[in-house]
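Each of the next two complexes has chain A plus one other chain: chain B in the first, chain C in the second.
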Partner chain A sequence: MHSPALALTWEIWGANRRGFLVLVGGLAAAGVALHVLARMFPASEGLKDLGFLPLVLSMPLLMALFNFTERRRRQGFAGFPARLFALPARTRLLVTCPMAWGVVCIVAVYLAWALLVLRPLGVEVLLLWPATLLAAGMVFYQTIVWCLSGFRLSRLIVLALVLCSLVAVGCVPSVVETEYRRAVEWYLTTAVVLLALVAYGAALIAVQLQRRGGGRGWQGAGEVIEHVMDLLPRRRRPFTSPDQALFWAEWRRSGWVLPGGVLLTVFLIMAAVTGFAGRDPETTARTAAWLVLLPFVLAAVVGKGFAKPDFWSLELALPPFWATLPIRSAAFLAAKLKTAALSTAIAWALLLVVALPWLLLACDTRDLRGLWHTFTAIYAPVAQWTILSLLLLAAMLLTWHLMIVSLWSGLYGRTWFFVCTAGVGSVGVIVLLGWCVLMVEDGTASLVDWLPWAPWLLAGAFVLKSWGALWAWRQAYGRGLVSGAFVGVYLSAWLGATGCLLALAFCLSPRIDWLRQTLILVALLLCPLARLGLAAVNLRQNRHR
Partner chain B sequence: MDSTGLFETEPVIEIRELSRRFGAKVALERVSLTVPCGTVFGLVGANGAGKTTLIKHVLGLLQAASGVVRVFGRDPVQDPVGVLARIGYLSEETDLPGWMRVDELLRYTRAFYPRWDDAYAEELRQAFDLDPAAKIKNLSKGQRARAGLLVALAHRPELLVLDEPSSGLDPIVRRDIVAAIIRTIADEGRTVLFSSHLLEEVERVSDRVAMIDHGRIVLSAELDDLKETHRRLTWHFEKALTQPPRLPGVLTWEGSGHEWSALCRVGLGELHATSIPEGGCLVEERVPSLDEIFVAQVGSKASNSMEN
Partner chain C sequence: MGKLCLVGAIFLPGLAFVLAWHATADLPQRVSADGYSVRLRVEGQGSPTVVLEIGLGGPLEEWAVVQRGIAGFTRVVAYDRLGSKHGKPKLTGSEVARGLHAALANAGLEPPYILVGQSFAGVYNRIFASLYPTEVAGLVLLDPAQEEFIDWMAVHHPEEGLSRFPRDRWPEAAGIEATLDELKAAGPLPNVPVLVVTGTRVGQGSLRDEVLPTWSACHANWVQKQPQGRHVRAEASGHAVHIDQPELVIELVHEVATSAARKSKSTARGVRPARVPDQGFIHTDASPRGAPRLQFLPAGVETLHLRLRQV
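After this line comes the complex of A and B, so read on.
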C-alpha cells in the first residue's frame, strides 16, 4: 500500500466493514422484499411510501460509518483521530479522504435505491437535488463532528439543527409553484454546494489547528462553559447510602438528557411555529400532536444510550471502577430505574408547564376544542378527569418503558448483542408498520377480519411475558443478584401501574368487547417485567465475564 | 497453606487449577497460587503473560472457566459485596470517572465502604497534593494514579490489589505507590498483591514472587529462597569457546570467546558435585537480581518451547 489515500481508504473500510456489509445486505434484502410486495400488491400507494423507509434508515448508519473519529481517552470525547497527525501526510488529504468517500457512498446509495427500487415501484423521484442535499449533509455532519469535538452536547444540538434545516430546505422546491420549481432547485443546489465548500474549508482549518495543538479558542469556550456549570449548585453533603450515591451519579450522567431534550425541542417547535408555520387551527392541532409524541420519540432515542452502563461512552462493558464497587448488581439497575422515572416525570412536567399554556394562549385551538367537545360528549364529567389523569399516567409509563426497555440488552455488555437486538426490534416495527399500511389499503374489511385476532395475539404475548418474567426473576433472585426487598418493591410498583392502566382500559371502552380486551391486554403488556429480571441477569454477565 | 509453613493463617487468596481462554488464546492455564495473609505478593511477567487476567479473576471481574478462586475464603463472583468491601484496587488505566471532581469522587466512594476513614483520606489527599475542586479528567496521569490510590487506600482494605500501578509513571508517583504498599503492610494483617514488570520495585517490597509466562506460573517462591537458589557464575576459559559448555542447572548462558557467564538454579556446591566446565576458571559468583532471574526463567522456557 504505497499511497496514503489508499491506506486511509483501507482504514475506513477495515474499521467498519461489518457495518458496510450490514448496510449493503440490509438494503439488498429490503429492495428484494419491496419488489416481491410490489408484485403482490401492484396498486398499493402505501408500498411506495414504505419504499423510502429503508433509504431513510440507512442514512444514519452511513453517517455513523463515516464518523471518522476516535475517542481521546483523557479528554473523554471523540475527535478527529489525533494519531494521524503524526503521519507524514498533508492535513488536506487527511480531511478530504474520509469526506470524499462519505459523499461518494451516500450519493451512490441514494442513486442506487432511487434507480433500482423506487422508480421500478412507480415512484417519481428526483435525482440531482436530493443527491446534492445528501452529499452536503455528509459534509456538514463531518465538519460539525470534527470542529466541535470538545462539545458533546452542543455538537448534538448543532447537528440536529443543521440536519433539520437541511431537510426543511429540501422540502422548499416541492412547495413552490411548478413553473418556478426548476429555477428554485437550481439556485438552492448552487447555494447548498457553496455552503458545503465553506464547511469543507472550515473542517480543514479546524483539523489543521488541532494538528498544531491549537484550537485554543474552542478550549477557551469550553472553559467558559465549565465556569458556568460551576456556578450551578453542587452536592456537598455526604451520601447516606450506596443507593443514593449511585442514583446521584446516574442522574448527573444521563438523567437530565430527556428533560433537557424535551425542553429544547419544545422551544424549537414553538419558535418554528411562531416564526414560519402560523397559528391556524390545523397547524395547532398538528403541533399539539407532535408535542404529545415528543417525549415518546426522544425517550426511544435516549433510551438506547441509557441502556448502556455509561450514557456517554461507546463502551458497553461495565468500567472496572464501577464493577469493583462492593454492591449487588441490582443496585446499578435500581439507580437506572429511578433515574428514568425522575427523568420521565420532569420531562412531562416541563411539557405541560411550557407547551400547554403556549398552545392555549398563543395558538388558534378551534380544532383542539372540537376534539375536546367530542370527548366531553362521550364521557361523563367524572370519567373525563379520571381518563385524562390516567392517560397522563399511561403516557409517563410508556415514556419510562421506552427509556428502560433496552436495559436488558445494553447491560449485557456485548456490542454485537446490543446492535442485533436493536436491529431485530427495528425490523419488527417496520414489518408491523408495513403490514398495517397494506391492510388499511386493502380495505376496511380486511383490517376488520384481523382485529378479532388481536386479543389472541396479545394474550399469547402475555403468556410468553409471564413465563419469561418467572424464569428471569427466579434466576436473578436465585443467584442473589436482587434482594427480596427489590423484588417486592418492583412487583408492587408493577401491580400499581398495571392496575392504573387496566382502570384506563375499562374507562375508555366499557362496551366494545374486543376493544376492551385488547386494551386490557395492552395494559398488561405495557409495564416491563421479564426484561428487567433479564437485565439483572445480563448485568451479572457483564460484571463477571 | 504455604509449603514453607511460615504462614499459619488461612490464605487471603487461594487459586487452584484456574484456566481461562479468550477464543483460541490461552490466557491462563492451570494456575495455582496461594497468597498468605500479611504478605506482599509480587506478580511478575511480560506484557500479555496473564497478570491482569489473573487479577481480574481475583476481583471477580472474570469468572473462572475452570478451577477455583477464593478470596477471604469466598468466591468473588458469587459474593462480590463480601469480597470487594475488603479490597482496595488500583489498575494501570485508573479508569476513574473523569466527570467527577476529586471531592465528589471521595464522597461518592465513601458511600460504598463502611470502614472509610475520613481523616486518613484527607491526610492522603494532602500528601498527594490533590485539589478537591479539580476534575479527574483534567488531572495529569500521575495525579490520576494518586487519586486512584487514595480511594483504594482510604477504607483501609485488608487486601490491596495493584495492577501495574507504576506503568508509565514518573519516579515520584512510583515512590508514592511503593510508600502506599509499605503503609498498608504496616497495618497488621494487611496483604498486598501487585503486578508489575518493573522488577526493581517488586524486589524492593515483595516477600514472595510468582512469575507468570504465557498463562502459566513458571516460578513461585519466597524472594529470599529465590535468591538463595540462584547464582550468577562467570568463568574464564583458556581456549575461546564458540558454544557455551553444557551444564546441569544452568538456565541461561551469556558471553563469548574466553568469558562466559551462567545463571544457575543451584549454588556452586551443587555445581561442584556435578561438573565444572573443562578448562574453565571461576572468576565471579554473585546473587542475581530478580530481573536476571526473570529473564533467565522466561527466556529458558521460550528457548525450550522453540526447541520443542
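After this line comes the complex of A and C, so read on.
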C-alpha cells in the first residue's frame, strides 16, 4: 500500500466485503424487481411506497458495515480498533477515513436509489435534505459508537434517541407551510452540518484520548455506576436448581431488552405525537395502531439477537463454560423460552399500563370509539370481553413466537447458517408484504381469487409443520437431549395455547364458516413446535463443536 | 413414542385437510354476471327471494346475521362484486343492475325479488327496480345514499361526501357520477313497499352528526314521493344498520315479504292487493342488541320475534 488512507480503505473493504456485495447485490436485485413490477402494475401506489423499503433496510446494514469497531476482550466491549493506534498514522486520518467512506457510501446509496429507482417509479423525492441528514446520521452514529464504547446500554439509548431525533427533524420540512419550506430546509441543513462537524471533532478527541492510553476517559463515571449497581439489591440466595440458575442468567443478560425497548419507544412515540403530530381522532387511531404493532416489530428485531447463545456477542459458538455444563440441552432451551415469555408479558403489561391511559385520557379517541361501537354491535357483551382477552393472549403468543422463532438457527452456532436463514426469512416477509400490497391495490380481485387456495396452503404448511415437529422431537428425545417430562410439559403448553387460539377463532367468526375454518388453520400454525425440536438438536451440535 | 409419532403423522394431516375442505366448500359461489363474476351466497327456501346488497366495497359476509335471520322464512341471497375483474375502468349503476339480474338468472333464482341495500347499494337497488319493475316486490333501503343529499353535500361540504372515494382501480367508485346521472334519468319505482331506514344515532363523527338532520330529512322527503313508502328512524343505529340492528332489518324484510306473499296470493285469487299503510313512521329506541319496539307493524310480528329467538 502506498498510503495509510489506502490501507485503511482496503481494511474496511476486506473486513466487510461480503456485506458490501450483499448490499449492492440486494439493492440491484430489488431495483430490477421493482422496475419489472412497475411495468406489470403501472398505476400502483403501493408499489411506490414499497420502493422505499429496500432503501430503508439498507441503512442499518450500511451502519453495521461502517461500525468500524473491534471487541476488546479484556475490557469486554467493542470500541475503535486499538491495534490501529500502533500504526504510524495520524489520529485524524484514522477517524476521518472510515467516517468519510461511511458518508460517501450512504449518500451514494441514497442518490443512486432515488435517481435510478424511485424517480423512474414516479416518486418525487428530495435529494439534498435527505442526503445531508443521512450523512449526518452516519457521522453521529460513528461518533457515538466510538465515544461511548465502554457503555453498552447508554450507547444503545443515546443511539436510539439520536436516530429518532434525526427522523423527527427530517420530517419537519414536510409539516411546515409550503412558503416557508425552503427556508426551513436551508436552516436545518446548516444546523445539521454544523452538528455533524461538532460530532466529528468529538470523535477526534475521544479517539485521541483512547490512543494516549487514557482509554475511554469515562472511568470516573464507570466507577460511579459500579457503586450504584453495588447498592442495588442483589440475589444472595442460592439457586434451588440448575434450571433456575440458567433462567436467572438468561434474564440478566437479555430478558429486559424487549420491555426496555418497548418502554423507550412508547415514550418516544408519545413525545413525537404530543410535540409534532397532534392528538386529533385520525392521528390517535394511527398512533394506537403503531403502538399495537410495536411489540411485534421490536420482538422480530430483538428475537434475532435473542436467538444467539449470548445476546451481546457476535459469536454464535456456545462459550466453553456453558457448553461443558453437566445439563441437558433442553435446560438451555427452557431458560430461553421462559425468558422470552417473561419479557413478552412485561412488554405488553408496560404497553397497557403506559400507553392505554395516555391514549384514553390525553388523546381524541372519537375514531377509536367508532371502532369500539362497531365491535360491540357485532359481538355480545360476554363475547366482547372473551375476544379482547383472547386477542391479548394471541398478541402475546405472537410476540413470544417472534422472540424464539430463530432459536433453531441461532443456537446452531454457524454464522453463515444464521445469516442465510435470517436473510431468507426477511426476503420472504418482504415478498409477502409486497404481494399483499399489490393484491389489495388490485381492487381485491386477485386477493379474492386466492381465497379458495388459502385454506389448502395453510393446511399444507400445517402438515409440514407437524411432520417436521414429529421428526425433530423424536430426534431430540431419541438422543436424550430432552426428557420425556420436558416434551410433555411443552406439548401441554402448546395444546393450551393453541386451544386458546382456536377459541378465539370460534369467537371471532361464529357465523361465517369458511372464515372460521381458515382462522383455525392459522391458529394451528401460530405456536412454534417443529423449530423448537430442531433448536434442541442444533444446540447439541453447537455444544459438541 | 414411535407409535405416537405414527398416529400423529396420520391424524394431523387428516385434520388439516378436513378443515381446508370444509373451508373451501363453504366459500361463496362465483356466478357469471353479464361479463364479470360476482360472489353469491344463497340460504333458505321460499319466495320472494330477498337480495342483500352491500355498500361500496363491502364484503357479503357483513350480512351474515341478517341473512341467517331471513333464511328462517324465505330464500335470501347475499352478493358482492369483490374479486370481479370487470376489464373496464368504471362500473355504472345500470351495469351493476344488469349484472345482478344476469347473476340471479344464472344461479336459478327466480323473481319476485325484495331488494335490500345498504348505503350506495340503495342507489343500485333503485336502478334495478326501475329497469326490472315487474320483478321487484319491495325495497328495504338501509341508510341509503340519496341524490338530494349528495347535491346538498356538494354545496356545503364539497371536500367530503362521495368525492372522497379513490376512483382509480375501483370501478364502482369511478362510476359514481354516471350512476347518479342514470338514477336521475331512471323511470319511477314500481308500486311496491319501499322502506327507508335512517340510522340516527349520534356520536358517529362530527361531520355525520352535523349533517344528520339533513340526511334524515332528505330520506323523509324522498319516501313521501313513493306510493307505498315508509320512513324508519333507527335511533340505535349508525350508517351500518345491518350490523347495529340486524333484528330490525330482519323484521322489516319480513314485513315486506309478508306483504308480497299476500299480494301474490290475492293476485292469484283475482283480489285487489291490500295496501300497506302509507308513509308511516316507525321509531325504534332500543339498544342495538335489545328487541326494538316497533309501531304500526302488521300482524305476525310476534311470530317473528319467536322465530328470531330461535335463530
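Please note the rule applied: the second predicted complex is superposed on the first by the 538 of 545 C-alpha atoms of A that agree within 3 Å, B and C clash if a C-alpha of one lies under 4 Å from a C-alpha of the other, contacts with A are read in each partner's own complex, and residues count from 1 in each chain.
The working rule: a residue touches a chain if its C-beta (ideal position, glycine included) is under 8 Å from a C-beta of that chain, and two chains touch if they have at least 3 such contacts.
None of the values given here were measured: they were computed from a predicted structure.
Just to be sure I read the superposition right, which of the two partners does A:435 touch: chain B = first, chain C = second, or both, or neither?
In the superposition, A:435 touches no partner, neither chain B nor chain C.
Counting only touches as set out at the top, which of chain B and chain C does A:520 meet: first, second, both, neither?
second
I'd like to know which partner A:366 touches here: chain B for first, chain C for second, both or neither.
The second partner, chain C, only.
Output check: A:245 vs chain B and chain C. Expected answer is one of first, second, both, neither. What do you get?
The answer is first: A:245 touches chain B but not chain C.
Considering only the touch criterion stated at the top, classify A:180 as touching first (chain B), second (chain C), both, or neither.
neither
May I ask you to name which of chain B and chain C touches more residues of chain A?
After superposition, C is the partner touching more of chain A.
Which partner chains sit in contact with A:324 here, chain B, chain C, both or neither? Use first/second/both/neither.
First partner only.
Determine, under the contact definition given at the top, whether A:416 touches first (chain B), second (chain C), both, or neither.
After superposing on A, A:416 lies clear of both chain B and chain C.
Chain B touches which residues of chain A in the complex?
So the residues of chain A touching chain B come out as 74-76, 234-236, 238-242, 244-245, 248-249, 252-253, 319-321, 323-329, 479-480, 543-545.
Please name which positions on chain C make contact with chain A in the complex.
1-2, 5, 8-9, 12-13, 16-17, 19-27, 39, 57, 61, 64-65, 68, 82-85, 168-171, 203-206, 238, 240, 243-244, 288-289
Which of the residues in chain A come into contact with chain C in the complex?
43, 366-367, 369-370, 373-374, 376-378, 380, 441-445, 447-449, 451-452, 454-456, 458-460, 462-463, 466-467, 470, 474, 477-478, 511-515, 517-518, 520-521, 524
Considering only the defined contacts, which chain B positions touch chain A in the complex?
The touching residues are 59-63, 77-85, 87, 89, 91, 93, 95-100, 103-104, 107-113, 137.
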